[in-house]
Amino acid sequence: MHHLDVRGLTADYAGKPVLKGVSFTVTRGAIVSLIGPSGSGKSTILRTLTGLLRPSGGEIWLDERQLDYRKTADVAYARQRIAIVFQQYNLFQNMTALRNVTVTPEKVRKRDKREVEAEAVALLQKVGLGDKLKAYPDELSGGQQQRVAIARALALKPEILLLDEVTSALDPELVHEVLDTVRLLAAEGMTMITVSHEMGFVRELASNVMFLEAGRVIESGPPQQIFEAAREARTRQFIGKTLYR
Amino acid sequence: MHALIEQWPRFFSGPNILFLATALAHTVLLSLASCSLGLLFGFLIASTRLTRSWTLLPLRLLLTGLTESLRRIPPLVVLFLVFFGFSLIAVDIEPFWIALFALTLIATAFIAEIVRSGFRSIPREQWDAAATMNFSLVQTLAHVVVPQAWKIIVPTVSLFFVMFIKDTALASQIGVLELTFVGKSFIDRGFSPLLSFGTVLALYFILSFPLARTGQWLEARLASS
Amino acid sequence: MNYALHYGQVTPYLPYLLGGALVSLWISALAFAGGLVIGLLGAFGRIYGGPILSRLIYAYYIFFTNTPQLVQIFFLFYGLADFGLLMTPFEAVWLGLTLNAGAYLIEIQKAGFLSTRASELEAAETLGMSRPQQLRFVIIPHIARVLFPPLSNQFIIVIMGSSMGAIFGLEELTGRAVNINGQTFRALEVFSLAGVIYLGVTLLATVGLALVGRLLLRVPMRIA
């Protein structure tokens, strides 16, 4: 039974087609990594799954239930189960780290305040920011903000976690602290879909790697296949260019 | 010039001072009330324009049309329209309330635009993050947007308020007993224009200048934080 | 309420009203021109004129921007008459609009002049440009681009302010609407029509200026 099943997904942005029929499945506990050149549509897939972009065609099945992303109710349903962490962290600037993590469970999901806060503190400690609960985003480094963003996403108890180039905006020395956190989540069996340029990381953690180009899936397979013995020439070309990483 | 010095004591007689004070109060009330209501309605309009549903589209179009129009028609014309509109419906309304209605309409239109700009100044990413966590529009505004946008909205609205005091002078043309009306009435009674309008100008200045300074200070203060 | 809208009684006056719009535009243009001159002189005075002159000019600015335009015109119209200087409504309104606009334009132009960037001038100098050449190729184009949006905006404001002329008997758009109302008593119809014409005029002006800004000066201006 697949956790997420995407069939023939198409999407447009500013009148131009960005996704031209993308299909893939994600099993429970799997880590699917999307790689490919800029503009290939990787982030678009994530943004579509989280309802920020309306797909123009195709099917999305979440746990054997088909979702129609044109319906507000279905998008809300998806957002209950899928959480996203953005490249630019997108923390709420007017809230402390703790508040960023507690606001959605408490105010949107109407859960008990003390319960939510206890969980939030635990999550922030887990990502190594137990001493920064009262800090505002502009007082934190990029790596710290990103970890808060991860804690915020985890507070939603998602079934699937989307990571959209979560280290791309960080200074190199801050990248590892975020990757360590992701490793932790992987070890715990969280289903994840990541878009990343950190090839070493993808190779280490992904259970399945998908190479996209110009809105289409060119090749899909386990890391060993993609990185060492890719079937498609274009895949090999791309891997060759990024090998120095 | 000699008329000014000669008329001075007669001008600043008890009854006249009372007259001026009443007029000043009316000017202040008119400005404050219309801007406060303008803030309330302007905020509501700006928020409504953020909705996306098809059912509300006619309302959004109507509100957009009204706010864009009211900002591009001279206040005097709006005052006349409201004045004559009211004269058909109701028999005996004080000009003050008619002016208040008209000025509120104008203030609402401008403040709605200020609030809307404030909302748009919040980066798209903040709205996106809230959306992906199933925030409703109200929740997004309450927890994310307004706490950040007020720092731009409040100073801009206060500077608008200062500017708006000057628009209340037009209420004199439909018979409201505010400063400008009173200034003119003094002239009609034979006082020197220098004295009459000079005093009125001074009063407007005393009203406006400190507020303008405060607004600028607010703007500087909030921009840096 | 037994009142039906009879636009038919007012539409014959449409050419008259549109003529009023032209008067509004004409007096606004004249006032804006005058204001530009005041603004130019005042801006230079503020930048190069020494502390006393600068403060005097600033006082002028503070006075005109913290008092209502209507009262300013009243003051001029009646006050100057007291000194023996009788003005026609057109002259008094023009003077009032000019002095008022001039105050705002002083600060606008001052900001524009001060916005020239040292980095650009350095680059021009190292490229071997003489001062006149720097003026022509670097300074003035830059200032023109910086000033165009606020100046366009101020012009629209002057047009809106010109409607006060009606109060002094000036036969611009609002004044003519008042006249028509006096004849036909169709207040709602005539004033709404005047309102629509003002909308049209300001929208046309805004779009026209934005196009000029975009095409001629390459200023990124929003069209409406």
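So that you can tell them apart, the chains are marked A, B and C in the order they are listed, and the count of residues begins at 1 in each.
Rule of thumb we're sticking to: a residue touches a chain if its C-beta (ideal position, glycine included) is under 8 Å from a C-beta of that chain, and two chains touch if they have at least 3 such contacts.
All of these numbers come straight from a predicted model, not from anything done at the bench.
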{"item": "Chain contact graph, described as a line, ring, star, complete graph or other shape", "value": "line"}
{"item": "Maximum centroid distance from chain C, chain identifier (CA atoms)", "value": "A"}
{"item": "Centre-most chain [mean C-alpha coordinates]", "value": "B"}
{"item": "Chain B and chain C: spacing of chain centres that average the CA atoms, whole Å", "value": "21"}
{"item": "Whole-Å gap separating chain A and chain C, where each centre is the average of the chain's CA atoms", "value": "54"}
{"item": "Chain A-chain B separation of Cα centroids, rounded to whole Å", "value": "47"}
{"item": "Touch list for chain B against partner chain C, complex", "value": "3, 69, 72-78, 80-81, 84-85, 87-89, 162, 165-170, 172-173, 179-180, 183-184, 187, 192-194, 197-198, 200-201, 204-205, 208-209, 212"}
{"item": "Complex contact set, residues of chain A against chain B", "value": "50-52, 76, 79-80, 83-84, 86, 88, 90-95, 103-104, 107-109, 156"}
{"item": "Partner chain B, residues of chain C touching it in the complex", "value": "1, 3, 62-63, 65-72, 74-75, 78-79, 81-82, 160-164, 166-167, 174, 177-178, 181, 187-188, 191-192, 194-195, 198-199, 202-203"}
{"item": "Chain B - residues contacting chain A, complex", "value": "125-126, 128-136, 139, 143-144, 147-148"}
